[in-house]
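Sharing a structure below in structure tokens format, with a few things to ask.
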Amino acid sequence: MIWIDTLVQGILLGGLYALFAAGLSLMFGIMRLVNLAHGDLIVLAAYLLLVLVTMTGMHPFVAVLIAAPVMFAIGWGLQRVVLNRTLGKDILPPLLVTFGLSVVLQNALLEGFTADSRRIPAGPLETASLDLGVVTVGVMPLLTFLTAVGVIIGLNQIFYRTALGRAFRATSDDPVTASLMGINPGRVFAVATGLAMVVVTIAALYLGMRSNFDPSIGPARLIYAFEAVIIGGLGSLWGTLAGGVIIGVAQTFGAAINPEWQILAGHIAFVVVLLIRPRGLFPRAND
Amino acid sequence: MSILLQTIGLTAQYGDFRALFGVDIELNAGETVAIIGANGAGKSTLLRSITGVLVNAPEQVLHRGTPIGALPADQVMARGIAMVPEGRKLFPSLTVEENLLIGGQMRRVAGPWTLEAVYDLFPILRERRLNPGTALSGGQQQMVAIGRALMSNPEILLCDEISLGLAPVVIRDIYAAMPRIKASGASVIIVEQDIGQALRVADRVYCMMEGRVTLTGAAATISREAIHTAYFGDAA
Amino acid sequence: MARTYRVTTRTRAGQITGLFALALVALGVVLPAFVPRGVILDLFFILTMLTLAQLWNLLAGYGGLVSVGQQAFVGIGAYAMFAAVILWGMNPVPAILVGGGVAVLLAVPSAFFAFRLQGAYFAIGTWVVAEITRLSIAQWKALGGGTGTSLPREATGNIMGVDLVRSLFGVREAAARDILAYWLALALAVVTIGAIYMLLRNRLGLALAAVRDNTEAARSVGVDAGRLKWVVYLLTALGTGLTGALIHLQTARISPDAAFSVTNWTAYVIFIVVIGGIGTIEGPILGVLVFFALQTLLADYGTWYLLALGLIGIAVMLFAPRGLWGLISARTGIHLFPVQRRLLGQDQLKGD
């Protein structure tokens, strides 16, 4: 019975990791850009939410509605001013620039908010739980998982049902021909990063409400997100959810055996999956 | 007749290699112009310069008298200059219908070309509309590429080597659509190696060799010998 | 008459550099007799960072393998050295070699794993390897687990060569240890730079350039890109492991978080290489001097220092992607460590 409980908790934790990963997956899928500052941007969004909640007393779910457009603008500007300059055949510039950005963000947040652990207050929601007969699950983890599913459905709708999604896919295929269709690739990429930052804000909401955070935790979130993306197969959002669930389940089982093994178990699951399926579980056909 | 599009002393360079040496061409409203020449004559470079894929000095390309030589490709397209690129260049991630839709989504102007009109022009595409664009035969892909460019209801249509790599019967099918495209009001520049096809649909011809225009004239009166000389130089 | 040509990598500046470098190394060896201990410690820091930077530059700048997980080899090298000293009673100086060897042993499975990942994903793959290593080492209770441990007194008091240094310079034991560590760092830096220079001037350098520019084309002319990547990766792991062991011999204290620090052993190193000029041997040398100057100037500002370093790194990557040395080299045409091949005709050969 305890194992079923562990399994369910792990699956729900996977929802959080899928949320971390969705933005990363989006940016890689469209621009082939791996953003090493992704985890730090999640932490930045968490602090933004914290400031909104503590200053105005509004509920975190309302604060997201204000923080998301702000993060969209940050992502848009970052892409237009900095990251678009790094795109090209050479993989070094985007890696090194986003790595530099990661260091800058961590230390700017450290300067602004100190190294103290913080948490976004969510009221009674924090402790509420739901009895499902076989297992009892926390409302917050359940909500996280459902949000992850919702975000992935939403992104897929944008991708495959809208003109913007067409522009994303076309520009990803061939930016030069896309520009002959009247599309400005730099602007499309900026919108993509803005959208990724909206997803980052949603991820930050749950990160901040579920556990403590401080300026230094970004890189670890980046690694979980990265593992989920790779396990799932590059470019597949449902695969990313599956990848997140695998990491989450591995972590809760590892922790059930020995609390010190939680993180290690997740990493080892990643390595094992990759050794068996080098291209992930659901690789895209034309990659 | 008014000049729609004009290049004046157009030059182009790839690194150390000079591809165009002062090319002057004109396209009048309602006209179809063919640009012919051997491989490497600079024909495709000329189109890449007009569309903004290659950047030039502003006043080397004029559209209705406005300098557009330095505009990026998306802004050139927004002015109503659409391109059927060499090699068709369909988007592999998009279906046939999505490939057509993306041609018109950034420039929404009223005009004869809609999804339905393109499907009427190339009925086979209606059957294949949900297939990935790259799953089609070469000829069908070329139809998608032409339809995609038409979807923006362009004032000027640029066609780069649309017969390249296709069987003669397929080329005939594709060129059979040209009269209807011209009748819809678009002015056309065709870059071709297939001189016969080009002369049949064009009003005027420019012949290029080694980055220069070596011959120009009305398609109906130009002689085969003159073209041969302009194409291969005097020695041939 | 047939003209004769010769391909050469020699330049006048290169020959001058050779003599100058020789003099500099000789000066470095006798320096402890003239300067205070603080300078020796600074130089130790500069030399070890320079070695790490040269190795990362070989890996990323020449090999195209952008790793952000080099801290795995610093950490494992250091821990292996500690294990050899504490568990097997080895003398710390030869134990450094154990550190290098174990780093290579770790590099084999991690290369097997990370080489499955392309480009940017290789980068994070190496990071995961480092994290797994750190978390595993933190479980090793005999070496202090998560909190770490120190070298025991009997080991630090009995380091090979320290007595010689003491009698040579007439200094206390702690100072003698620092001088010894400094000499080892000097030797390691010289050997590393020398070896990289030799490698690049050899056929490996040409092959690396070919692979970096176009893997497919390189393969078609018979360059085995897969094997090359292995060679570069393992050599880098060896050097990085040795350096890690040496750094922790000097501090005599180890913990998983410090030994596997991504900031200290990878972020700093990347900034040194990027700011100095990636893909050149001169770049990291210039970069480490700039890095040290910045650190000395801004040491009191803590986080602001790292913030500035990050911003400078970004700015250099965007506006001068070949780094400071790239700017200097483009202006002056000087190559201190010429690895480019130039074709000389007869006229130039005469004056050679």
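Each chain carries a letter (A, B and C) given by its place in the written order, and its residues are counted from 1.
The criterion applied here is as follows: a residue touches a chain if its C-beta (ideal position, glycine included) is under 8 Å from a C-beta of that chain, and two chains touch if they have at least 3 such contacts.
Everything numeric in this text was worked out from a predicted model, so none of it was measured.
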Comparison of A-B and A-C by number of C-beta pairs in contact, larger one:
A-C
Which chain is in the middle, if each chain's centre is the mean of its C-alpha atoms?
A
Could you work out how far the Cα centre of chain B sits from that of chain C, in whole Å?
55
Geometric centre distance via CA averages, chain B-chain A, whole Å:
44
In angstrom, rounded to a whole number, how far apart do the mean CA points of chain A and chain C lie?
34
Going through chain B residue by residue, note those that touch at least 2 other chains and give them in order.
none
Per the touch rule above, chain B residues touching chain A in the complex are 51-53, 72-74, 77-78, 82-83, 85, 89, 91-94, 98, 101-103, 105-107, 148, 152
For the complex, which residues does chain C have touching chain A?
60, 66, 68, 113, 116-117, 119-121, 123-124, 127-128, 131-132, 135-136, 138-139, 262-263, 267, 270-271, 274, 278, 303-304, 306-307, 309-311, 313-314, 317-318, 321
Show which residues of chain A lie in contact with chain B when the two form their complex.
163, 166-167, 169-170, 172-174, 176-184, 286
Would you tell me which residues of chain A are touching chain C in their complex?
33-34, 36, 82, 85-86, 91-97, 99-104, 106-108, 110-111, 219, 222-223, 226-227, 230, 260, 263-264, 267-268, 270-271, 274-275, 278
